[in-house]
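Each of the next two complexes has subunit A plus one other chain: subunit B in the first, subunit C in the second.
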Partner chain A sequence: MQLNISEQDDIVNICVEEERMDAHNSGDLKEQMLQLFDDGKCNLTIDLSKVRFIDSSGLGALVSGFKNASARDGSLKLCCLQPQVQSMFELTRLHRVFEIFTNQEEALGSF
Partner chain B sequence: MSKRVEVDITIPNQTKYLGMIGRIGESMAYSLKSYNGNRRELAYHINLVLTEALANVINHANKCDPDKEVKISISTSDQDLTIKVFDQGEGFDIDALSKFNADASDEGGRGIQIIYKLMDQVKYIHDDGDNILVMTKILQ
Partner chain C sequence: MAETRTFIHARMESTKQPAHMLQELNCYFLKDLDRSDLFVTMFYLQYNPTKHRLTYSNAGHNMPLVWKKNTQKIITLDGEGLIFGIKKDIVFEQKEIELEAGDVLMLYTDGIIEAEDSNGVFFGIERLEKLITEYNHLPPQELIDQVMTQVRIFTGMRHFIDDVTLLAMTVLK
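Let's turn to the complex of A and B:
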């Protein structure tokens, strides 16, 4: 999975540079987040602007990141969801779990 | 009345083919000119259902064995769109999976529930050595 990772202060932004997040590639995001947690970086924003399609494995990877960030007193926030991706969060009711922002600036400003 | 169109595909038991099969399902949904609902939404849902069903078969029924194969049949008519996914594995307990209610902190367990939410009929049948997950969307 192609990921673009940048840092601003103590917040890491991961931009998923893929059209699909599914059972084939979501494990890569999960592993990348675990590496960041091991490095003590526990405040993450995930930019999903490029993602047109997400399945239950993609959602599962984000839940994993959310749980691990919270367990380390950090947080994981989402931004820039395309409408069909947003609808998947609503279908699975995960929109009640994640903080979801319209753009990256809002997400960064919420920490 | 239009004739039924059926596409049969066989892929190796590997997740790298999920996107390809999902796109074929999307194309078939877009081709349903007589469907009065939101075809864009239907296409996305068919892509999703195919992805969830295939991932379940590849990873669980066929236990990630790359030497196994997965057979998929997608058929459309004016009345319905039906997907069949065949596995050669030990199968899985669809009733248990359908009743499992993933809570917010669960990383897995949402795939079969998504299929049940988006399709009108879901069956898992055993026929002549094959297990077949049959999922139907009623169009009219």
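Let's turn to the complex of A and C:
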């Protein structure tokens, strides 16, 4: 999975540079997040602007990141969800679990 | 899957209400799936054939469809809740509807509605609704076979990429 990672103060922004987040590539995001957590970086924003489709594996990777960040007193926030992706969050009611922002600036400003 | 079934079978006698069952499952999975990337969705229904009453709660699963014979229209079942294993103290909403002879209930997984054609277009809920509307008179197994056939024709493939589960129930009397 292609990920564009940048840091601003103590917040890491991960931009998912893929159209699909599914069983084939979501493990990469999970591994990347675990690496960041191990390095003590527990405040993350995930930019999903390029993602057109997300399945249960993709949601699972984000849930894993959310739980791990919370367990370390950090937080994982999402931004820039396309309609199809937003509808998956609404179906599973995960939109009430994650903080979701319309753009990256808002997500960064919320920490 | 096997774990979930075992849990439900073990608790069926003591936990009568769908919402309570989902709450107990959520508590169980919360401990079991701690920090994991796995989660479980579920739509839990109970049908009382004497009272013709369907009672249900939802833990983030695809919303079942009911074809109502009297209105000749499809309604969608849903209830507030959350997928299992994420947060504790989730309140699962419990709802009821009455079914009549000729009504058809269909439950499905995302493998059906997210089946894609060669252009990446999803089969979607609307196509599924049209099939139920068209074939509601068929016995449940034939209705399921018809849906599976139509999804295969849509994707152009015999095999499904994702796993698929379909459940149909017709009220006879």
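In this section, the second predicted complex is superposed on the first by the 111 of 111 C-alpha atoms of A that agree within 3 Å, B and C clash if a C-alpha of one lies under 4 Å from a C-alpha of the other, contacts with A are read in each partner's own complex, and residues count from 1 in each chain.
The rule is short, and it goes like this: a contact is a pair of C-beta atoms (placed from the backbone, for glycine too) under 8 Å apart; a residue touches a chain by one contact, two chains touch by 3 or more.
Only a predicted model underlies this, so the values are computations on that prediction, with no experimental measurement involved.
Participant: Just from the overlay, do subunit B and subunit C fit on subunit A, or is there a clash?
Facilitator: clash
Participant: Give one of first, second, both or neither to describe whether A:F37 is in contact with subunit B, with subunit C, with both, or with none.
Facilitator: A:F37 contacts neither subunit B nor subunit C.
Participant: Name the contact category of A:H24: first (subunit B only), second (subunit C only), both, or neither.
Facilitator: The first partner, subunit B, only.
Participant: Quick check on the superposed pair: does A:G60 touch subunit B, subunit C, both, or neither? Answer first, second, both or neither.
Facilitator: A:G60 contacts both subunit B and subunit C.
Participant: Considering only the touch criterion stated at the top, classify A:T92 as touching first (subunit B), second (subunit C), both, or neither.
Facilitator: both
Participant: Return first, second, both or neither, reflecting whether A:N68 touches subunit B, subunit C, both chains, or no partner chain.
Facilitator: In the superposition, A:N68 contacts subunit C only.
Participant: Same subunit A residues contacting subunit B and subunit C, which ones?
Facilitator: 53, 55-57, 59-61, 63-64, 67, 91-94, 96-97
Participant: Quick check on the complex: what are the subunit A residues that touch subunit B?
Facilitator: Touch residues, subunit A against subunit B: 20, 22-24, 53, 55-57, 59-61, 63-64, 67, 84, 88, 91-94, 96-97.
Participant: Please give the residue numbers of subunit B that touch subunit A in the complex, ascending.
Facilitator: 15-16, 18-19, 22, 41, 44, 47-48, 51-52, 55, 58-59, 102, 104-111, 113-114, 117
Participant: For subunit C, which residues are in contact with subunit A within the complex?
Facilitator: It comes out as residues 34-39, 41, 60, 62-63, 80-83, 86-87, 110, 114, 162.
Participant: Can you check the complex and tell me which residues of subunit A touch subunit C?
Facilitator: Residues in contact with subunit C: 26, 30, 53, 55-57, 59-61, 63-64, 66-68, 71, 91-94, 96-97.
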